[in-house]
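One chain, chain A, appears in both complexes that follow, with chain B as partner in the first and chain C in the second.
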Partner chain A sequence: MKLSKVLCRQHVGFMFKRHWLIQGKRVPIDLGMEESLKAKGIPVEDALEFVKEKPEPRERLEIIGPHEPIKPLDENHPDYKEKPCLTLKNSSVLLEGVSQAQVLTKTIIAEGRLPHKIEELAELAAPKAVHEGVKKAILSANVFDCEQKKLPKIKDSVRPAFNFPRILGISDRRRNEILTNKLVQLVEKSNDAEVTQNKYVVNDVDCQSIFDKEGDLIQFQDVSNILVTSNKPLKHELNESDIPFIKIPDLYPVKHTVTLPPEHFYDDNSKYPLRPSVAKKHPHTTWLHFNKTEVGNLYESPVTQTQILGRSLTHAFTVASAYAKQIHGEDVKDLPEPIHINCIQTDGQLFHFGVFELNTLNVDGTDGVKNIWYTKNNVKLYDSSRYLSGMPVLENYNPKVYSYINAFYNC
Partner chain B sequence: MQLLSVHRTFPRFKQLIFRGYSQAVQIQNEDYTDAPVYPPILDLSLPAKKLRTRQSLHKKIQNINTVEEKQIALNMPRYYGWQSIVLNENKIPFNAMPLVQHYTRTHFQLLDKLPDIYAESSATADIVLQEIKSCIEECIVTENEGVERNFVTSLNIPEKQQIADAHTRNIVKQINRIILNNLTDKVSHVLSSQVDYNPRHEAFWFVGGVQLPSTVLKWRKKQKYYKNRLHEPLDRPVQYKGSPLLTIRNHLPLKPIIPYSEIENPDFKVPKFSHCPKTVGYFTEFRHGTNIPGFWPGDFDEFGLLSFHGRGHILDRKDSFGQEDNLEALHCQAIQASFGWLLAQANYQGFTTFNDLTYPLVTQTVVTDGQMVSFYAYQLNTTVIHSDEVDINPKHNICFGTKPMKLYESIENGSVKGLNEDVLKMLIQFYLNAPEERDHEMKPYLGKEEQIIADIEDDNKRCWLESTYKHLVSNRPKHNLIPEVYDWEKIYKIQFNTRFYEARRRPFELDINPFQRRLDEHLPPYIPKVLRPYPKSKKKFETTYYPKV
Partner chain C sequence: MALNRLFASLAIGVTPSVISRKTVQVTAVRYASMPKPVKPKPGYGISYRRIVHFPEEYTVKPLEVTNLAGRDPVTGRVVAKGIGGGIKHKYHWISWVRDGPTEGPPQEEKVIQIIECGCRTSHVALVAVGDQLKYILATENMKAGDIIKTSRHLPRIPVRANEGDAYVLGALPLGTIVHCIEKTPGAGGLYIHAAGTQGTILRRQNDRIVVQMPSKRLFSFDERCMAVVGRLSNVDHGDTPIGSPQRNRWLGNRPRSGLWKRKDGRHGRKIRPPKPVKEIQARTNFPLPAVVMKMNP
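For the complex of A and B:
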């Protein structure tokens, strides 16, 4: 509504202010009280004698609260650097997806295949009890868990202004946590104690890798939702001769740093979550969750399939390179021995498997030594699992996924 | 039905119908017996009549077929939810032990070691202990010193507590992983068990033997109806809310710690605590009662074996409470958590706070901060604590607990100093305690074919009950604000009748207590005319399927 005379007339606040102004200028009327009191012999005193002076402003005290005060993000911040660092976080994706990730990490891709050993191990059939366990895990994650949180707003493209009632249910973060943790538990339970003793499983650990590419400083900050580590480094025997690799593409006209926002507050060093003193520190398999409500494009357009797949690659690169830098130092370029790492990304239904071979941390240009990424994408664990008209439903369970996870664990 | 309507149109038609089943002799037999049978002599005094109505309600709830409908039935009397005393897992006020014991009807025994039933697994535990000792030491060191983590804290809980609990969660996950992986080959129940992280545990029950709130007494004094029964006991609804760090559950229940025949032993004493819960520091909240053991009805693994709880809340207690009270707070936490979880499980077996358990249920609870560990074994024998039964029910629940013990002394130079093998052994014994099939009926109060609403065949009824149950237990705020008496009304209408010329429309002017509104006292969803079935339907509103209690 326009601020007009009508509004002013109706507005209680304005009216009150104006009224206050008028009343503040009132002149006290002599009621003859003083004289009549004096006539009766009652002493009259000036009221102003009793009015207290304004108290002096006190100095501001710094109160120690229950939480540490957050330092303002300015030039005096301890992490402030002059040179901006282009940052890819766990909650954002690359514009060009896989191809941009390829350029950034200088990687060639073997699409739709995994190393021989894993394919062989995946052929082994698991006992029935284990598959029952997997089904239980799926149902528990999608149906039987009691979390009741507000799910994202439902939008209908035909009626964009229509407000649907918000549904309460299991959030995608919780769903992924339950499913993946239960799967890892099942794999470990079905393996011998000797195998599991050599492994270590940590949840939600941060990895950070910072590197130069063609004059730009780039950092990847990633969260490994489950990181399985082992007592000796993972080794794959990769036979490269007969594989049709996808070469590193040219992104022109897009620059490879697109959608990496510059950041002035960052740490110079890469960070691998397990300290060098730990015996079982060598990364084996890293699990990455794709939580639809948390991961998004910088410009709010929906995340595409290729962007999700690109996430796997950058994630594997982050963990592997952070680990490499912990072993060989911050300035290492070509590695004396390649580092391998398995990566599994899931959104709770689709599984993307990958094996990453880190050969070099010199990611300038497209020539020379390159990193290798084996991937098998979009393996569906089940078609649907939910309450269908009041009944819990699990449709089309695919036992293949468990075999792959088991193979990844055992290789 | 058709014939009946024909009768009305053609009065003589009735004579034409052959009456094949009229047998005069049989009727005589039914009406007359050799010895006179009199109807039972009922006590017609008001308290007795009231008791009979309550008992018939309990009977009705017992006869309901499905778990979820029973839960809705418990909430039927209150549209805006019960004004429940909330027992929070992580907030235990000073000197809460007598209250918690009374409210859960628990006899607590402090032991130095585990109860005798665990002796049989001692030998196996020793073997396992030697195998996993080094792993446990390693994981403790790694979690304390080897992993860099960023704990994200929220503002509503004290920071210290959050960090301590997050740290404990990581250690518990590791220890659980090591023990489970080792035991899979040795004992069969491990593979079939499910492990949950941070499940939602809620339990709801009624407790009797608590003093009347002053507001109730004040109100009763004004009523003629209450003239001679001013101090009639009142049930207080209680709600437990908690979230353990980790739980393990199985499709079979644990063996009882003490036999069911011994539970009426009068040696198991429970202190009475009749004071108002506000005096201790417990407050009330309007909410629908919920019984949730971490999963929805229908999950196969419905018996808990073991739960781990953090003790970060101890850090937030005042220093003036003292060590002794901190120890009691841990016992309180364990009693509340065990009772809450078991009661919720019992509810999924068809028992409620009005229909007593017919067999005992057992759970094991560990309260820890990663270094200090205390063990509790809990046996749930009874769930009825409401005011009719609180003084006469001979059964008690029993909790055996230990003091907190150190799992290890310290961590020096990257290795654990002084690992306490006895503590670790107790923990392994908890895992080794195998669940067993019982030889009695587990769900006597549930239907034969319909035990949960997913079993119901009527599509509309199933969907309606499903959505209503989930909506009820979510305790989502109501769309309309809950009724209240505004301050100006209290002054100008209630205390001083200055607006006598106004029409009386507000509930307090019409002598209506809006909080007495029943759950089904609302208009069902309207069916628009276009959506009504063809050709002609006068049914304006959708059917509701509230349980009839």
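For the complex of A and C:
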């Protein structure tokens, strides 16, 4: 009697097991090779004697070369410090935006105005051919470029479960790079050789400024997407007295160090990207890109307008203070003469212009010498630039933006 | 000759095995003494809806989740029917302990933003205090820029509290609408979390405060338990129909069993007398640990 149930279904695993039980026993056929070889006097040896054993594991060698092994991030790391440094990076923003940036950098703001000289220079009309060039630059950045990257996922709040097809296109980083570099090139092209020969244009340079504020160590790590440098320091005449400055606000109950995460691995010194021996090292204009996919809040909410504007101010402060510390040393407080720097931030469509005057690096409290920030925000370059029924279209081009960029370059 | 030897070592040795009586006995004993598998049960505060991957330290960064679809993560068995699918939402880690000073003026906090969280019904408020950020449950009329207060001080005269303020139950006047009440002082808000719900402080019994819960049951709390003033946000949640079976699937719910009968009593409503006031306090009489019996010594 069969104890187990008859298995009616086919099972490929059982089939192979049974097959191996039968086929696993194989009898080799004697071909008489051994005897015939012996008859010819050829010695026959056992094949198993030549089957080698597994090779022994070799000892791992430490090879000394140009690449050093990455050190683990622990207390023995050379950059490790006991005191944490509150860090603001290029990809993060301040919670309170402009107000917090004002407190951190001890700056008063002249909202909606730029120095007289720049406003006068911006009034000069550029030739029509230049504006045609700007229009071409906008279109080549938004429409004609051949980059095909996955763009961020589209979400519809009415239909949250709907998965839209992923669109390939030009990423915001690429778009900003093309547009700003072409604009700088156009400005250089339309200016005299004497002006352009006194300037350098460098791309993607790191700036780092470390300072102390009310007992907290704070560092700003920023990237200038384009840094225009000149052979002599930039000077603005900013002795206008009738400006309604925005005073440094009180952030209570929020502290000014909110959303600055503490870091234990940092460099004690500020870093300006150009060496002091370089002739054209003085910062003139710094361009900052706002790439929506790269800059964000820790809590993953969209970045607000005031946070974007705060970014301009901290960026200008980083470059100016890193430069000041290279000239006057790390411990400088009130500067003998102010340092000026122009700053342009863009997301490819909106332009935020600013002029920063660095008077002091003593940012404790709200009294005494303050830094000054002149801004003109939200100048739109165009309304839309895309394919419309198969045609590349640029709507509502604003020539004012180019005038400002040109004025910034020439001042 | 050599090949013969080579193949001899490869062949599988099949020895005829005879199952003896002793073997059967040993096997039976082994099976009988095996502990029964612990079947996961629904309830006991485990939802079987999702696992949230909490980090070591508190953060406002929305956390990653693993949806469970009603399955026990250890055994993989289906425990809760009717859960599955749905949109994956990131989890906003609420800071349940609203800790304030026990003496002096209350701590002030600023509401930064009101966020709709997919993992709970009421909205969530991002709050900044000092250099810290945290999430709390948003009240009905809370908006960005509001200043809210927190204090553990128990004054002689009741305080005049605004919506969103957190005080100990003993500090609030009778009739105050509260939510997010602590079970024991310092444990963190536990009762009344759902959208649009509220409790009402009814009366005081010596050092205990009687609160009417959203279910109309009366719970008696220690007077040092924290509670947040006001009604919870997303009041319309209760009146909003899901709308369609498909939207119910978006919410992660599978079709219902069809067993519910309101009128005939089985799986339906029963009419019973109201329950007495329940005293809420920390548990003291813990049961003894279970003794595991074994067949073999």
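We adopt the following convention: the second predicted complex is superposed on the first by the 341 of 411 C-alpha atoms of A that agree within 3 Å, B and C clash if a C-alpha of one lies under 4 Å from a C-alpha of the other, contacts with A are read in each partner's own complex, and residues count from 1 in each chain.
Methods note: contacts are C-beta pairs under 8 Å (C-beta built on N, C-alpha and C of every residue); 3 or more make two chains touch, one makes a residue touch a chain.
Since this is a predicted model, take the numbers as computed values, not measurements.
Set against each other, chain B and chain C differ in how many residues of chain A they touch, and the higher count belongs to B. Of the two partner chains placed by the overlay, only chain B lies in contact with A:Leu274; chain C stays clear of it. When both complexes are overlaid on chain A, the residue A:Ser140 reaches chain B alone and has no touch with chain C. Within the superposed three-chain model, A:Val369 lies out of touch with both chain B and chain C [touch as defined at top]. When the shared chain is aligned, no partner comes close enough to touch A:Leu73: not chain B, not chain C. In the superposition on chain A, A:Gln197 contacts chain B only, with no contact to chain C. By the touch criterion defined above, A:Lys189 reaches chain B but does not reach chain C. Contact residues of chain B toward chain A in the complex are 131, 135, 138-139, 142, 145-150, 153, 155, 158-159, 170, 173-174, 177, 180-182, 184-185, 190-192, 194-197, 199-200, 292, 294-296, 298-301, 414, 453-454, 456, 459, 462-463, 465-466, 470, 473-474, 476.
Considering their complex, residues 1-7, 11-12, 14, 59-62, 87, 90, 107-110, 112-113, 115, 126, 128-133, 147, 250 of chain C touch chain A.
In the complex of the two chains, the chain A residues touching chain B come out as 66-67, 129-130, 133, 136-137, 139-140, 143-148, 168, 177-178, 181-182, 185, 188-193, 196-197, 200-206, 271, 273-275, 277-281, 387, 389-392. Remark: chain A residues 20-21, 24-26, 28, 34, 44-48, 95, 160-161, 252-255, 257-260, 298-301 touch chain C in the complex.
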